[in-house]
Every structure is written in C-alpha cells, then in structure tokens.
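Heads up, there are several structures right after this.
Both complexes below contain subunit A, partnered by subunit B and then by subunit C.
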Partner chain A sequence: MADGSIGLWTVPLAVLGGAIRVSTPFLFVSLGECITERSGRINLGLEGTLVMGAMSAYGISYLTGSPWLGVFAAGITGALLGALHAGICSLPRVNDIAVGIALMLFGTGLAFYLGKPLIEPTAPRLPAIDFGWWSDIPQLRAALRINVMFLIGVALAPILYWAFRTTRWGLLIRTAGESSDAARAMGYSVLLIRLRATMVGGFLAGIGGSFLSLFYPGSWNEGLSSGQGITAVALVIFARWDPLLCLWASLAFGGAAALGPALQSVGVTSGYHLFNAAPYILTLAIMIITCSPKRTLTGAPAELSITR
Partner chain B sequence: MTTEAADPVEAVGTIAPAADSGFLQRHGGTIEYVLIPGAALAGALGVFGIFVAMFGKNPLDLYFYMYYGAFGTWFSWQNTLTRAAPLVLTALCTALPAQLGMVIIGGEGALLIGALSATSAALVLQGLPPFIVQIAMVIAGVIGGGLWVMLSGALRQYRGVNETISSLLLVYIALAVLNHLVEGVMRDPASLNKPSTREIGAANMIGSIPGTDVHWGLVFGLIAAIAAYILIYHTVFGFAARVAGGNIRAAKIVGLNVSKLILTICFLAGGAAGLAGMVEVAAVQGRTNANLAAGYGFTGILVAFLARQNPLAIIPVAILLGGISASGGLLQRRLGLPDASVLVLQGIIFVFVLASDVLYGRIGFLKGRS
Partner chain C sequence: MEFGRISRRHLLQGGAALTLGAAAGARPSFAAETTIGFIYVGSRDDYGYNQAHAQGAAALKKIPGLKVVEEEKVPETDAVEKTIESMINLDGATLLFPTSFGYYNPHMVKMANKFPKLHFEHCGGLWSDKDPKNAGSYFGYIDEAQYISGIVAGYTSKSGKLGFVAAKPIPQVLRNINAFALGARLANPKATTQVIFTGDWSMPVKEAEATNSLIDQGVDVLTCHVDGPKTMVENAARRGAMVCGYHVNQSPLAPKAYLTGAEWNWEALYPKFVKMIAAGESIPNFYRGGLKEEIVKTSPYGEAVSAEARKRADDVKAKFLSADGYAIFKGGLVDNKGKTVIAAGTDRGQKDPELEKMDYLVEGVVGATS
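On to the complex of A and B.
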C-alpha cells in the first residue's frame, strides 16, 4: 500500500473510533439499566425508551435549534416512560418483564408515529471535540472526533460505582434490590425507590437515544435502533451489575458493532450482515459463557426476577 | 412467570346457596377471562381515541374506519383473516412456553428461519409433485423454527441464560442470517432492487380456501391452536408441563423430566412460528426476502398475552388484532394517520392488558358471594 494510504490499518482504527462512537448509547442505556436492576426490577422496555429518546431529541433540536435542549427532552421522555413502567409494575401481580416487552412495542410505535414528520428535516447536531489534531492521518482524526456525551458517560461510570458504595441513595437502591423486606423494615417504600430508580434509568436511556439521532448516525429514521437497547440490558448482566464493568463492556460492544462497516470500507463486503449482527452474537456468546444453571450470578440483586 | 393462578379453585370451597350464584361460581372464572381483557381492550381503544383526537382527528371516525377496515365488508374480513393466520401461529410461540413459566419473545426469529428453511426445501425439490414439495416445506419450516426456539430453551435449561433476552437476540441474528443468505448464495440474480431468493414456483403455492381470498394458512393456524389446546389441557404431557410451570421443584420431586419438557415445548412453539414463516412464503410472498420481517412475531406476543396464553382464546384474539392491522391501510388513506398508528394502538392495548391483571378475583359480583 503506497501513497500515504494506511491500508488494512483502517480496520482497527475504525473499530477504535467505533468503540468510542457506537458505544455511547450502549453506555448510557446500560448504566441506566444498572441503576434500575440494582433496585430489584428489570426494565426490558429500554429499547423503546432509546427510540423515543432519539425521536424526541431530534424533534426538540429541530424545533428549538438547540441540540442540548434535545438531549434534555430525551432524558425527560425516558424518565416518563420509566415512570410508566414503574407505575404499572407497582400494581400487584404484574410481571416486570412483560411490562417491559409492552413498553418496548409501545415506545417504538409511538416514536415512529410522532417521528413521521421528522424524517425529512435536518436538525442541529451535537458538537464534537477534535482530539486528533496532533495527527495527520485522516482516519485517526475521524476516530478521535469525540462527543462530549461520551466523556460524560465515561465520567458517570465511576461516579455511579462510588455512589452505589457510599451514598445513602446507593445503599437504599441496593437494599431494595437485595431484600425488599429489609428496606421495608427500615421504613422505606420499596415501590418508591424502584420508581425513582426506573425513572433515572429511563432518563439515562433516553439520553443514550438522543446520541443516536443527534451525533451518530446523526439523523432520525425508523431503522435507527435495532436492538441496541436490548443488547445493553443483556450487557448489564454480563457486567455483573457493576457500572465500571458496564463501561468496558460498552466499549467492547461498540467495537464489535463497528466491525461490519469498518470491513466494508476496506472492501470486505461478504458477510456484511453477519458482521452487523456481531453485537448480538457476542452478547449471546458471553451470556452462554458467564451464566450457569447451578448458581445465581455473583453480584446479582437477589430480588431480580431475571436471575431467579 | 405468568400468573396462572386459576381462580375457580377458590369457588370450589364454598357451596352455592342459590342456583344463580352457583352459576357464577362455576363460570365466574371464565367470565372474568372474557370480561377483563374486554375491558382492557375498551380502555385501550378509549385512550387511543384521545390520542388521535389530540392530533385533530375525530375519534368516532377512527372507530368507524377501524371497524369498517377490519370487519365492515367481506373484503376486509378476508384481509383480516389473512393477517390472523400467521398471528395464531406466532402467538403459540409465546403461549406454549408460557405454560412452563417461560417468556419467549422470539417468534419473529423463528418465523424468519422457518421461511428460509421452507424456501430452501422448495428450491431443492423443484420438479417434484407440488404436494410433496408442500409437505417438505411444512416439515422444513417447522424443524427450522423449532430448532431456533429450542436453542433458547436449551440455553435456559443447561446454561441458565435468560430465555426472554436470548430469544430476542436470536431475532436479530435470524434477520442477519436471512439478509446474508438472501443477498448472497441464495440470491436470485433477477431480483435487483429487493434482494430475494428464487421463487418457489406458482404450482407449489398453497393457494386459497375455495370461495375466498383467504389462504390455507388460516386452517393451519386453527389446527395448530386446537392441537396445542388438546396437548396442554387434555394430555398427560400437557399436565406435566403445567405442573412444571406451576412449581418446578414439585415437578422434579415427582420425577418429571423437566429438560425434556422444556425442549419439547420450545420446539413445538418454534415450530408453530416456523410454520407461520412457511405459510407467508407459500401463500403470500412466494419467495424469501426482507419483507417477511413484517412484525407478525412481535404482534403474536401481544396476542398470546391478551389471550392469557390459552391456545383456544388465541384464535379470536388473533382475528381481532389481525383486524386492527388490516384497518391500518384505511386509517392511513381516510384519516391521514401514519402507518405506525397500529403499533401505537398495539402498545397501548398491551399496557392495558398487563395492568388489568390486577383485577382478577376482585370483581365483586363474580366472587359468587350472595
């Protein structure tokens, strides 16, 4: 390969860039779901929340001209959907997994309905910070054009890790997740704790969605999310409900998701669809390796229905 | 995981003082199973009416066109029944594992794999008599879909992998496999804009029920639903499955082979969805392409929950939801609603149905207390 072309090095660079770019929604959704699941409830509806977040962020950004308002609106939308999930789950005898499936369908349907007029117009996007200014390899510079949202997400992981261990709120959430009786005995309402945890989780997942429509891929259409939400939910299990592991896992998944487009850009087009399915195959493989029928997973909140 | 606590048990304890309340005691449970989902459906339609009213549409127009587009004419009835056929089959994919307490939501994946297997069988057996090709397609579709869902069941049983998540992940993997094959080795070079496999041939299509435009897939669905009902409620195997679904430890103590139950039920469930894929190929599309991922698998989940996982109740519910999706086109043309409005309504119905679970055993006059 001559003339300054970097040839096959494009692939690892694109995977690196992808790990940074594509991982952001995984990161936000998995951190949000981490909070919800630590409180003892699983919200499978985050797939719908992600799509609703993407749609509302794009819409608000288009209407107001401010992408950051869009991000905020996406968070609020996500929190509302979280409140809906928690509200229905607080009814006796209602199964949280089933409610999640319902909200997955409802969220995507509503987003497609409300988002119809948004497919055409172009909304202002989120800005990126150029960390690759020192390099003159265009691919590397592209990989290092990093969005602030990614940095926020990266900062959020250790903060959550710390908060779960030391703050009152973190302890309360974990108590509700480990033993609702203990939380009740201490005089706290488990339903209220879970409502708040699910709303915060929805808020973060909505923000993850705003990244999809406002930065990468950076437009609104109905094929925007295909399973990132549900992959992120599975990722939390793989990450053992640990926010720091969520960060590493999100990066790995982002890299895996970037593999297909990266290979395509160097001319490897056969198997394009299979490489696009890499995150799902990876998730499944990891779940097969890490789960066991004999014991519940280490770190799993005892109240979580998915591990029972 | 589904609350299958049958309330009629409660009614057995007390002796009816009057014939009237005796009727309620005997049939109160059944009445509940009709009344409560019905109320949930009505509530969902009400909320959806308010929703479209916010966009300046008249809800009464909405209800009229929904009725007209679903059940108003013979034409719309045929449209409805054509859509109900795959829904019955994909709903079984969720309802059968639910007897074991498993939540499988991967019917869409099994449908795609079933369609792919059935198409492959037809393409390999080109030239043989149509009847043989069709039988081979059914077998291939059932086995393909069955193995796909059985994988989720096996992962749950042997590796402790949550079946809800694994079955949904397998949907995306199935779609990738389908796209890979349809754009690769199985591609018909003549299909330019929409990559597809070769056609299975007009002679091998299963055709319509005489006198209608409704294809034979509806009959497949009815037979499958009735067979599933008999299997679950009138065979030892079904009884064993329900015991295992109620209390897995009790099932192990009485010596039931839980692994075998899970694998068999998951295979049958996936087989039903795979059959739906075969039907869509052999009666509608004539070939396999991305059109098959039309969401029947996901609507089937809703059908199963609305029918409270009862295979017989799936039939009317599938017709109802087939009707809702059949009316989508009319809503688009006459009211200018986006095609996603059907999805929104389905989501609202789902939410209402789940929330209505709280009502069982709580409706005063159905408790049979005089």
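On to the complex of A and C.
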C-alpha cells in the first residue's frame, strides 16, 4: 500500500466510478426518450441531439465563461431539435424513425461543422462535489467526485415514475401513447402533446450531451459520443419504458464501460475486446432472457410505430 | 441519364490529361501553380495525428506557387480512391499525401498504377519493390522521441509506475510502448510501464476510463498512442498525474503537468519533399528518419522536469543526432514473457526493417498484445 496502489480493489472501484461517471449521458438521454416514446413517438435523432448538446454547451461555456449557461444552451438546442422532429412528424404520412435517422445525421454533421473552432480551446468545466471527504484513500475519493448533474438525473428518474402515474400531465402523455383516439375524444391535440414530449426529451438529451463535453471526458472532439445516444435510445426498450429501470440500466452500462480498462490495469489482459463489448453482451443476454413469443413487449406504448 | 454521365466522365478524363501535361512540364520550377492533395482519416484539428499532418500542409501553403487541397475524415475504404480521383481530375493535383495507414494497400497502390505520371507519398506504409515506382512511403522513428519521453518520465515518477494508453497492438504502437518503457528503465531500472489498449484510435470515454484506472493503480506519469491525446492529457492532469504528449505539443492543455512529448515534424519534411521534386530529384521510395533527419522532434521540457532528467535526456538526444546514431533495441532484449526477442550481440538499429514487424512487449511492460 505504500506505493499508493490498491491492487485488485481497482476493479470494483472502477466499475463504481464508471457507473457514476459514464452513466449520466445515458441516464439523461434515456429518460428524455422515455417521455417521448410514452407519448407514442420514437426519436432516433437523440444521438445527433446529444452531440449538438455537447458542442453547444462547450461553445457557450467557452464564450461566456459559465458552464451552467452552457448546460442551459445545450438543453435549448436539444429542445429545438426535438421541435424540428415533432414538427416534421406532424405532417401526414411521415415515418418518425426515418425522420429520426435524418436528424441524427443532421445533428452530428452540424455539430462537427460548427464545432471545428472549438476543438483547440479549453472551456470552463462543471464543478464536482467531493463526496469522498471522509475517506483517506485517494482512489475512492476520485471515484466519489460526483457532478451535481448525476444527482439531478438520479432524482429525475423517480420523479418521472411518479409523474407518469399520478399527475394529469403523465396521464395525458400516456393516453397519447396508448390510444390517440382516446386522447382526441378527451379533447386534446395528440400532435401538441407529442410536440411537447419530444421537446422535453430533446431538452434532456441536450443536457446529457453537455455532461460529456463539460464534465466527463470533459472536452469537445468529434469522437466524443461514439454512439452513446443511440445506445441510450435502445436502453429505453431494454428498460421497458420505465424511468426507474432506465436509471438502473444506465448505471449498469456505465459500470460495464469501465470494466474493460479496469481489468487490463490489474493485469487481466486476455480478451480485452470481449470486455470492451460487455455492455452489448449484457443487453443481448437480458433481451434473450426476457423475450417471449407469446406476448408483445410488456410496457410498450401501443401507439409506437414499432408495436403498432 | 446514363449517356450524360459517360460523356461527363470523358470530359473529366480529357481535362485531367491536359492538366497532367501542363503540370508535368511545369513541375521543376513551379512556374505554373502546382496543386498538392492531402487526405486525412480524422478531423484536421484533433490535437493529434491529423493535426500534425495539417501543420505540415500549412507549411506548404506558405510556399508561393503551391496550392494545397485537403479533405478530412476520409475512411480507409475505396472512399479514398474516389477522393484521390477527384483531387486529380477536378483540382489538378499532381502530388498526393494520403496520410493514414490503411490507405496504402490496395487503395493508393491502385491509384498510383492508374496515374503513373503523378506522385503519391504515403505515411506509414511499407513500400516494396513490387509497388509502383511513382509511389513512396515515408515514416518517422517517433520511438526515438518516445524513448526521450520515457527517460524524463522515469526520472519524474515517484512510484516508479508509468502508464500508457494505447489504441491497438500493431507494430508502430508496440514500438512506441517498448521505447518508452526502455527509456524509463534507463532512468529507473525498477520502473514498470502499464499499458491499456482501448481497441480503437478515437474512443474518448474509454481513454478517460483507462487514464483513471491507471492512476488508481498508482501510476503517476502517463503517455499515450491514440489519435487525439487531449482526453488523456486533460484527465490525467486533473487527477494530479504528470503527462508526456504525443503527435503534437499538448502543453497548452496542461502547462503544469506536461513534461515533454513525442512530436511529428512534418512541417520540416513536406517542404523538403516539394523542393526535391522541384529540383528534379527523386524522393526515395522508402523514406525513413528520426530526430537526426528532422522527421520527429521532442516538446520543450516542462517546469516539473528535474535538471538530472534534462541532462540525461539531452545526452541521449545528442547520441541520436550523432553520426553513429543510437540503438534503442539492443541485443539481449527480453520480452515480458521471458523470451529473448533480440539475440545478444545483434543490436537492431533504427532502420532495421525487423523493428517494423514488432509483436512483443519488452520486460518492464505490464500488459499483453492480445
């Protein structure tokens, strides 16, 4: 211990740290997508929203010196992209999945184009709260340096769970997602509900992107997302459209992403490609275990284009 | 439609033939404008591999009579052939620099056969006698600069544990890891270098996780071989570790933590190539060099580098620059599984092609190639 090493304890610690550090973007995107999909629409464009959010947050933080303003700007950017998706999908005979793919390419392309001058400068980052003050193990303290956005995300999951069940807004979103005829019969505009749900979803995804560029890994470059947005959209299906399950799934994905590097650092070097693929193997395994030929996906909103 | 496309292509071919003739006549003196094409696999300003090449291209833009055209994020597929053809046919490029490893064979070789009067210079490939004569491959012995980084890192590390965040276990990467580890052992015979492979050239989240895991293991000086070292440098500096850079100088990102770094020096090499062509000399098809040939360089030392480390590093650097040169991979070299990989008495000099097939990690490296 004299040399500051903690040996094999690195692995569980890295998985814990990874769950906290890596999971936040997954959490925000999947909660946002959860709201959108519950209203009966799939927005695959959140990968583009995530990257646009990361870029705009970094840009605004660099220009104004305030990372929190950057987070806000990322949210607004995301909401605008969400509005664009919902607006196009409001037109008759438009497929939401096709629009989503188009917006994914549009968002990443636009972010790369506008983000060119932002690769070199260093923008102010979001602060971390030191939750490991009680420990004198530096590794543990590092793992417990938590950004407040993670805490907001963790709090948001049960709030959404509650809101879907007991609030009027939650009921309306669910009605639009389960039966658009019922929502129309009640006198509500399904398109307006979906527009708002997609904008809120985009807002959260944009904020998820700001975490990538302003906290961890903490800078803007073009490989930043490497598919995390699209993974998070898949997480929602995996979590059965349940915000609480989205939280656990995001934590599991974050922890699994840390597993590969951590195992290599303690000397488990064989098959690191396999460990790097751990999150995807986990998804496949759970999908296979929980699928059934006798029924459709439990919890799937009936109006989704994939279940309809 | 079909007819229109064919006639357009014929038109382009005709145009290309005209440009080609004009360019061939004008080449020696740059009387007419010469166009040079640069192709990058990633983003041109990634604080890494592609930026180093773009700095070389920028040095060419300053020379009067030269026009530089660039395209970035071209995948290592037949997409690069299309890019090369459009640079030749539409922009009139007569010298092309496809800068990524995977462009070489079959893509660039095919294009060099198709346009035998134009020059192709590829970074990193292994030109052989079977390849076209108008194609060439150049590369730098950046392991010399990594060796210097290793010496500085070995002196600076308090724990004797160094970390290396690497992309893939290919020969060029392994050679850098080994040179860094051997340099560190020169400074501190007990030093170990722990390597983590992320699996690809640009994986920011994995690189950040690898950096954190290494520091959790007690590593206090890190370096890397990935396309964009920015993530590693910033995250290591945040955790209070020291760093050695790679590709370009990253000291603005972490002024206090930056010790030194292994940099490309393309802005010296590319103008040299162009002058050789202008003078009518032919560039050797297989072009290699290190610190002495000014193909690679080291970053200026950071403030945390001790006088002892500077002296030792400068001494070794002077040996690299001397007429006799210096062999990093000396005879009697043992890999980290205990196998002798270079027999005693046969030093492998830097130009030894055996070194470009490296598939082992030397003693003192913690990690495995598969």
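Quick note on the criterion: the second predicted complex is superposed on the first by the 279 of 308 C-alpha atoms of A that agree within 3 Å, B and C clash if a C-alpha of one lies under 4 Å from a C-alpha of the other, contacts with A are read in each partner's own complex, and residues count from 1 in each chain.
Methods note: a residue touches a chain if its C-beta (ideal position, glycine included) is under 8 Å from a C-beta of that chain, and two chains touch if they have at least 3 such contacts.
On a predicted model such as this, the values are computed, not experimentally measured, just so you know.
Judged by the touch definition given at the top, the superposed model places A:W169 against neither subunit B nor subunit C.
Once chain A of one complex is fitted onto chain A of the other, the partner contacts of A:W68 are absent, as it touches neither subunit B nor subunit C. In the overlay built on the shared chain, the residue A:V233 is in contact with subunit B alone; subunit C does not reach it. In the superposition on chain A, A:T10 makes contact with subunit C only, not with subunit B. Looking at the shared chain after the overlay, A:S270 reaches both subunit B and subunit C. In the superposed pair of complexes, A:F131 makes contact with neither subunit B nor subunit C. Contacts of A:P261 after superposition: subunit C is touched, whereas subunit B is not reached.
After overlaying the two complexes on the shared chain, residue contacts for A:Y188 are found with neither subunit B nor subunit C.
In the superposition on chain A, contact is made by A:L110 with subunit B only, not with subunit C. Counting contacts as defined above, subunit A residues 112, 116, 226, 270, 272-273, 276 meet subunit B in one complex and subunit C in the other.
Subunit B makes touch with subunit A in their complex at residues 1-3, 103, 105, 155, 157-162, 164-166, 168-173, 175-177, 179-180, 183-184, 298, 301-302, 305, 338, 340-348, 350-351, 353-355, 357-358, 360.
Remark: subunit A residues 44, 48, 84, 88, 91-95, 97-99, 101-103, 105-110, 112-113, 116, 226-227, 230-231, 233-234, 237, 270-274, 276-277, 280-281, 283-284, 287-288, 291-294, 305-307 touch subunit B in the complex. Listed in rising order, the residues of subunit C touching subunit A in the complex are 42-43, 45-47, 73, 159-161, 194-199, 202-210, 212-218, 227-228, 230-231, 234-235, 238-239, 252-253, 366-368, 370. By the touch criterion given at the top, residues 3-6, 10, 13-14, 17-18, 21-22, 112, 116, 119-120, 122, 139, 142, 216-219, 221-224, 226, 228, 257-258, 260-262, 264-267, 269-270, 272-273, 276 of subunit A touch subunit C in their complex.
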